[in-house]
Structure formats: structure tokens, C-alpha cells
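One structure follows; several queries about it will come next.
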Amino acid sequence: MKQRSKSKSILFKVVVYSVCLLLAILSVLPFWVMFVNATRDTYQIQQTALSLIPSTHLMDNIKILLGKTFDPMKGLTNSMIVSVSSTLLTIYFSALTAYALVAYNWKLRSPFFTFILAVMMIPAQVSVIGFYQFMYKIGMTNNFLALILPSVAAPAAVFFMRQFMLASLPLELIEASRIDGASEFYTFNKIVLPIMKPAMATQAIFTFVSSWNSLFLPLVLLTDNDKYTMPIMVSLLRGDIYKTEYGAVYLGLALTVLPLFIAYFLLSRYIIEGVALGGVKG
Amino acid sequence: MRKLISLLLVVLMVFSLAACGSSNNDTTTTAAAETNVTEATTSSGSTEKTVLNVWSFTEEVPGMITKYLETHPDFAAKYEIKTTVIATTDGAYQPALDQALASGGADAPDLFTAEAAFVLKYTQGDASQYAAPYKDLGIDVDNAIKAADIAQYTIDIGTNPNGDVVGLGYQATGGAFIYRRSIAKDTWGTDDPAEIAKIIGPGWDKFYSAAADLKAKGYGIVSGDGDIWHAVENSSDTPWVVDGKLNIDPKREAFLDLSMKLKENDYHNDTQDWQDAWFADMKDAGAKKIFGYFGPAWMINYVIAGNSGDTFGDWAVCEPPIGFFWGGTWVLGSASSDNKDAVGELINWITLDTTEQGLQYMWANGTLNGEGGTKDAVASGTVMSMSNGELEFLGGQNMFDVFIPANQFANGKNLTQYDETINTYWRDQVRAYTSGSKSREDAIKDFKQMVADNLDIEVE
Amino acid sequence: MKQKRNVSYAKYGYIFSLPFIIVFAIFSLYPIIYTGVIGFTDYKGLGTTTWHFLDEPFKNFVTILNNGSFRQALKNTFIIWTLNFIPQILMALLLTAWFTSRRNKVRGKGFFKVLFYMPNIITAASIAILFYALFSYPVGPVNSLLMQFGIIDKPVYFLVSKANARAIVAFIQFWMWYGYTMLILTSGVMGINPEIYEAAEIDGTSGIQTFFYITLPNLKTILLYVLITSMIGGLNMFDIPKLFMQGGPDNSTLTTSVFIYNQAFSGSYLYNRAAAASMIMFVIIAIFSGILFYVMRDKSEIEIKKEAKRAKKERMRLLEEQEAAQ
């Protein structure tokens, strides 16, 4: 009996680890190719786009990259400003809105929730026309606020936070806080937010990544060289269609991904450890 | 801290609400825009420089203008250049440019550039009202064009519906056939460009009999069907759209058969342009050695030379079986610019100046950024004839000997602003046909269907 | 405790959603309404500044519904979506079950979790280029690999085949998003009160039982989120189909979003038709979401109400006690 369950558990482990290993390789491969290509020259990349062995042209690519009007520090700074602000606004205000949807019983609550869901369903491609015509009208082009402010209203994030709160926010805690005489705002900031940590970390990663990688809207709204974000700069590198420097493009891409890596690994702690549990138990 | 942030946000929102309220009225918007202009001039009053906005999709033209400022201190003292470069790769250049042109104001472009694939929109199509005629920029166009010997196709493309020239280029993109000397010698016993031109052309029949000769020796004549497409496209007598209706020119329809013939007879390596395998064929790394490529001068210097590997120096260039052009950048001035003279001065220097101080002379000789730069064919025949187009890559051949006449065979009258989109559909269907997945009739039928579904064009 | 005891908290619902509502009204509602309106107009072409409402208001909608490419796009969208949605959800659930299993602790699960989300970090443009290169013809890594193992004897032109192109797009979508889905699901599981599991362990339930009878039911709200957002995201799929093959070969990877984009931003700039197509997609997605909501029957609403009632009772009881004490 014991023997059987032991062999079963070994089989389970073999299956789990082989699947995980395969998926892990698939995950790492594109990054590896990207970093390898950042060390190869245009010629080598055009012969075979994929190689697993690094080459020796990293310095040349850096030179080409810096020789153009490519200013990685400026791009990083701009991208940071936009992405960090967007992320902070999204997670804080989504949590706040979700809290309003879960903790309070107000008349327009369910119409409002239905509305948020409906909004998520509209294909994004076309409302873009209206959005940037509007931004041009009110003179918000070349202004980071045009990219940052809209992130206060992130329907998908609100939806997620709401679902998470429904599952894991004990309303007793709020009651207790009220009895202690805490204001509603205080209760939200000091009691609800800590419980929401894993949900917020998850959403923070998603928001940060999508804001960081966002290309089309910034490309149209930011036309001033000094305001360019990293993806715009990389897209410019690719833009010279007759004589693209592929090595430098990959280096640019690699530089773009690097800060994402850092942000991701910093936040991943929350995902792995499940800090969630503290709040609920207390 | 958090309260502070939210307070800040509320203030911002109120502010933007107010801004949005006022913009509902069109007159207020223009008034606001005008205030911006005066602000710009007063704020620049301390340096006393006027700002010229330059919009482009690569850094090529902004780089030229920087050079102009360096060499013309008088101009540099008066004007300051603000460049906006947006790549075409992600499809954002045109929407952003259109928006900037349409909304006007201080940030509106004074000078902008357009690529062959979409230039028609700005010279003859939906956005042609934004381009200023060169004569309004203080350029004596007609005489200057004659003096510079500008190729007719460039002028045709750059002429607006009123008959005024609004855009010209600095490059010449008339095409030639770029081939391997050693393969020519092995097959026909000669690598002389004049002889080879007679073997591979004129006309597709001779080209295909040359392909048969090459096949007998184990060579392919071109790398993929994309190589002959530009020649086919540009040789047609009529454009894709005539009087708002889709029109399939017989010469373009014949691409189906030409492409199939290459495939069936195994005359090529069946590669797709701009993909790995296509580049690999430039240095004999493909399934079989490839004889040559169709292309303008930029194709030699920017594409093949860098990819040629051991074949460097084993190339030559000759007249193509069919005349064509491929690519190029046109420079346009904005009709709403307040600084037309300055814009005209820049445009004249870039597109029409034939002196040794003009841009084109430096461009042709590769001396814009010092000796030894990349040589390229330029729009002015006059400039090319006084320049040295000898290239080591071509075994010392002077490429201008071929490219000056090549420009005369290119056709600028069979284009529409929809070409980029329609060409994609057409080549997609041709590929489906040659791969054997659908019949010739179905390919044409599906092509028509796609045009009808996606564009505002009538289809019979 | 000087404040009035029987205070109504409803107003905080409004106050706390106010920032969202204001920002949304300014930055999203206007563009969306704009889109809705131009679906009924003749607004098309570049540089057009004036437009008029059509005499037959639904002309654009009729044109789109009769448009062969739009129908094809709709078909493609459903095929590709089904091909990636089902495996994606199943794989994510499976990984979630493994990684949150309290019985069989998977070593290095944190490491795997972090890795699996990584494909989502790179921009879609790079991924499209990468996969295009992988499957390139006549020379390419996949081709040379298959030839080396003798599976094929001459190069296959993968990307000219409709079925292959769709399958590859579906695979890319799966590969980019299963990690995301898994992260959301695991964060949902971590939000479940551990006491429930502890109780289950004492009762001696097996790992599989725990997953189906404890994890899944408690994950319902998050699962609903995942299903709804994956569905919406999948049916609005744009980046990969657009960047990978531009909707080709032969329209086989043309999705409705790519179709809408092409209508609006290329060729004839048919904003009105694009807007009509967007609205049609909106209706389709709304119907599907409605079905999903019905199937999942969001009992959370009811639970909240129950909870609120209970809490109110509790409050009353406490008040009474306090008053009694006084």
C-alpha cells in the first residue's frame, strides 16, 4: 500500500518536473536568442536569425547604438516616469474602486460594475482614433500625463481586485476597524491594502509590463525627441528599412527588457511567498 | 502622501476638464493655437531664432539639414531645427504626421518627408492639400529641374493634381540588374555589362531563356519571385485603380505566370524578400548559387554589399530587362508654414542644387560625412555625370553609367495611394497560387474580394 | 465614539469610485462614444473634418456583416481563440494545482512560476519576428531540425499553409498567456483562507479531492475573472496576428481586430466601417460574457448581501450590548 503511493508520487514528480522543465526552456529561449543577437553583427543575424552561441560584436553594437540619436538613459528615464506612475495609479485606484464595489452597498453599485465589464469588451483599436484626436485638441501631446492619467481608470484591474476581495477580504475586519473608530479611508489604507498585497503585486507586474511595452499610443502622442520612451527608440532603430542594423536593434530590445526583469524579480517575491496570508489570519 | 497625490490628481482632472470644455468650440482652439505661436516666437526672442519643424521617418533628412546648418552659419543664426523622427515600421508615422498637419499650430511640420510607398497620398491623394508647391517656396522649379536633369518619374510622382511640383527626392531609385560576374562568365563566357544586358533582356522572354541557360549550369537566376515583382509592377501601363475602380493591368496579372514559371522550372531558391534565405543567397549560402538581384543603387550599397561575404567584388550592374524604380524619399514643404523661404532654401539644397556644395554631389560621392562614405545614385543626372560612381564592390565599375539611363525607364504614372495595401494582397494571392494551394482563377477572385472588402474601391 | 452610530456608509461607495469615474469619463468614455457615433456616419478618408449621419443609419453595419473578409475574420478569430483558450486554461489550472498542492510540494515552484510568466514580458513585435525566423523557409531552424531527424526530406513552407499559420498564432498566444493566467489563479488560491485547507487535511481528503472540492469552488470569483478577461482578450486578439503575418497567408490569421485596424488605418481610412465593426464585436463579446456569467452564476453578489446583513446584525447586537453596558 505504502509502496504504491510512493511510486505514484515518484511518477507524479517525473511528470511535473518534465513538463515544467520543457516550459521553462520555452520561456528562456527567446531571451537567450535576444541577448545572443545583441552580441552579433547585422550580417550574422541576416544569415541565421537564431543562434545560441554569443558572438563578439557587443562593443560594435553599443557603438552603433550610441552613434544614432539613441540615448538609453533618457529613454529609460522617460519610460520609468510613465510606467511607474501608471502602475502606482492603477493599483491604488483600482483597489479603491474595487473596495467601493465590495464593501459598500450603494444604489448604483451593480450598474456600475456591469458598466466596467462592458467597457472591457470594446475593441481597443478604434477608440484610439477618438483618443488621440481628443489629446491633440486639448494640447496634451508630448505630455506624459496623457499616458499616465488614464491609468486611474483600469477596468480589468478593478474587476480583478473586486474578484480577489470577494474571495479573500473578510468584512468582519472592516467592521472591527469601524468599531475601533477608524475612518473609512484609514480602514482602506491600513487594513484593506495590506490584505490586497498579492493581488496588487500581480496587477502591478501586469500593468508595469504593458505600460512599459506600450508602443502605438506613445508613438503617436510623443513626437518630441526628449520625450521618447524606450520602445519608441527601438522602433526607430528598426525604422531605417534599407539599412537596418539588426545587432543594434536586438541590443536596444535587450536594454528595454532589462529594467522589466529587475522590476519583475523584485515584485515576484510577493507572488512566490504568498504574503497574502498575514492579513487574513490576523 | 497618498492624500497629496490624490489631491494633485483632482486638480489635474479639473484642469483637463476645463481644457476639454473650451475645446468644443473650434474658434477657441485656433485662437489657442495662435497664442502658442506667438508664445513660441516671444520665448525664442532671447535667442532670436525661428523654429523649423522637420518630420521624417528616418534620420537621413534631419542629418542632411544638420549638415546644412553646419556649413551655412547665416542660416543657422536665424533658424533652429526641431526634428521629429517616427519610424514607419509600426505604422505610426502617417497617423501622427496627418494629425500634426491637420491640426496646424506651432508644432505643425514645416518640412516633411514621404517614402515611395505612401508619397502619393501627400502629393496627389487625400493629404495633398497640405503640401506647398515648390514655386510657393521661392524655388524656380521648372528651370531648376531642367538644369539638374531630374528623372521624369520623380517629377510625375511629386506633382499635385493642379500640375504643381510639391515634392522631389534626392536619391535616384531607378532600377538595374545586379549580377555575379563569375556566374556570367561560367554561363556565357562574358561578364561585360553591355553583353549581359543583351542576354537577359529586353523583355521577359529573353530573361527566361537566360534563366534556362543558367539552370543548365546549376544556377538560379533570381533568389525569389519578389525580386522580379518591382520590375513587373512598374512596367504596367495602368495603375491599380482607374476612376475609383480596381484595374488589373495585364502586365501585373502576368506576374502570376511569371512567378509560376520561376517556381515550376526551379529557376530560383523560392525565397521571400527581406528574409534570412534571401540574404543568404547574396553570398552563395542558399540551395543553389543565385545569379542576381533587381534593384536600385541603394540595394547595392545598403543591402547586397554588406551581405556579400566572399562574393564582394564579383558583382556588376547592367540595364534590366524591364525598366522600373523601387523606393525613394520625397521632400515636401508644408502649405501652412510661416517660414516658406527657409523651407524652400533647405528643399532646394537637398533636391535641386547641382553644385559641389549641394547635398546631392556629396551624397553621390559619399562625402556628406567625410571621405569614404556610401555612394548612392542621386536624383540629378547632372550631378551624377560629374560624380564618380566607381565601386570596389562592382569590380571598379562606375554604377552611374547604368543608373543615369535607368531613371529614364522608370514610370511614375502607374501608381496610386493604395499601392502598398493592394500589392500586399496581390503578392499574398500569387504566393498562394504558386504554392499550389489554389487555382489561378481563385487567386484573382480572392484578390478582388480582398480589395472590395478592405478598401473603398469598386470591384467588378 | 462621538460620531452618530447608525451612519450610512453608502456614500463612500460613490466617493471611492469617483476618481475612476471622472478619469474614465474624460479619457475613455469620450473616445468610445465617438466611436459609437461615427459608426452611423459617412466619416472616412484622411484629413476629412466633416461628416454626416447616413440616411440609412445601419448601412455600415449591413456592409460589414456582408463583408466576406469580416466573416472570414470572425471565423479565424473563433478558431484561433478556441485553439489557444482551452489549452491555456487547462494548463494554467494544472500548474496551479501542482504549485499550490500542499501534499506534493513541488521544489523550485517559485522559480518555475517566475519563468512561466516571462514570455509575456517581451514585446509582441519581438516575439513575432522570432517565430517568423523559427519557421522560415527554405532555410530555418525548425526546417533544419526536422530534416536532421529525418522527419521530412525537403524544407516545408510552413507559413504558406493556412492551418499551420493559425496553429502557430494560437500556439504563440497560448505560450504568451498561460503564465499570466497561472499567476492570477495562484494568487487567487493564496487568498483562500488556509484554515479551510487545514480542516480538509484533518479530514484526510486527497490532493485531487482538495483541488476539486476546496480550491476550485473558492477560486470561482477569480476563475470568472480569468475566463472573462481571456475571452475578451482572445476575441480582441491583435498584436500577434498583425505583427506575425499581417493577417496572412490568404487571410487565414486575419482576426476581427486586425480587420478593424486595417479598415481604419490603411488604404481608404474607412473610420465609419471600422467603428461599425467594433460595435458588432462589442455585441458578440457581450453576449458571450453574458453566457459565461450565467454559467458561472456569480453567487458572490448574493454572498455579499448575506454578509452585509450578517454584519449589520452583528453591529446591531454590539450596539445593543454597548448600550446595555452603559
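In this document, chain identifiers A, B and C correspond to the written order of the chains, with residue numbering beginning at 1 in each.
By definition in this document, a contact is a pair of C-beta atoms (placed from the backbone, for glycine too) under 8 Å apart; a residue touches a chain by one contact, two chains touch by 3 or more.
Fair warning: this is a prediction, and the values are worked out from it, not measured in the lab.
Interchain contacts join each chain to each other chain, per the touch definition above.
Here A-C and B-C were compared by C-beta pairs in contact; the pair with more is A-C. Chain centres computed from CA atoms place B at the largest separation from chain C.
One inter-chain figure worth recording: chain A and chain B are separated by 37 Å, centre to centre, where each centre is the mean of the chain's CA atoms.
Annotation: 15 Å between the Cα-based centres of chain A and chain C.
Averaged C-alpha coordinates give centres for chain B and chain C that are 40 Å from one another.
Annotation for chain A: residues touching 2 or more other chains are 48-49, 133-134, 149, 152, 215, 235.
Residue positions 9, 13, 16, 20, 90-91, 95, 276, 280 of chain B each touch two or more of the other chains. In chain C, the residues touching two or more other chains are 19, 23, 30, 125, 133, 136, 139.
Considering their complex, residues 6, 9-10, 13, 16-17, 20, 90-91, 95, 98, 101-102, 121, 125-127, 129-130, 269-272, 275-277, 280, 286-287, 418, 420-422, 424, 428-429, 431-432, 435, 437-438, 446, 449-450, 452-457 of chain B touch chain C. Interface residues of chain C, counted against chain A in their complex, comprise 1, 3, 9-17, 19-21, 23-24, 27-28, 30-35, 95, 98, 104, 106, 108-110, 112-127, 129-130, 133-134, 136, 139, 141, 175, 179-180, 183-184, 186-188, 190-194, 218-222, 224-225, 228-229, 232, 236, 238, 256-257, 260-261, 264, 271, 274-275, 277-278, 281-282, 285-286, 289, 300-301, 303-305, 307-308, 311, 314-315, 318. The touching residues of chain A, when paired with chain C in their complex, are 9, 12-13, 16-17, 20, 23-24, 26-28, 30-31, 33-34, 48-50, 93-94, 96-97, 99-110, 112, 117-131, 133-134, 149-150, 152-153, 156, 158-160, 163-164, 166-168, 171-172, 175, 179, 181, 184, 188, 198-199, 201-202, 205-206, 209, 213, 215, 231, 235, 253, 256-257, 260-261, 264-265, 268, 271-274, 276-277, 280-281.
Contact residues of chain B toward chain A in the complex are 2, 9, 12-13, 16, 19-20, 23, 29, 32, 36, 55, 57-60, 82-92, 95-96, 99-100, 103, 107, 276, 279-280, 283, 285, 298, 302-303, 306-307, 309, 327.
Across the complex, chain C meets chain B through its residues 19, 22-23, 26, 30, 44-47, 49, 67-70, 125, 132-133, 136-140, 157, 160-162, 246, 248-251, 259, 262-263, 265-270.
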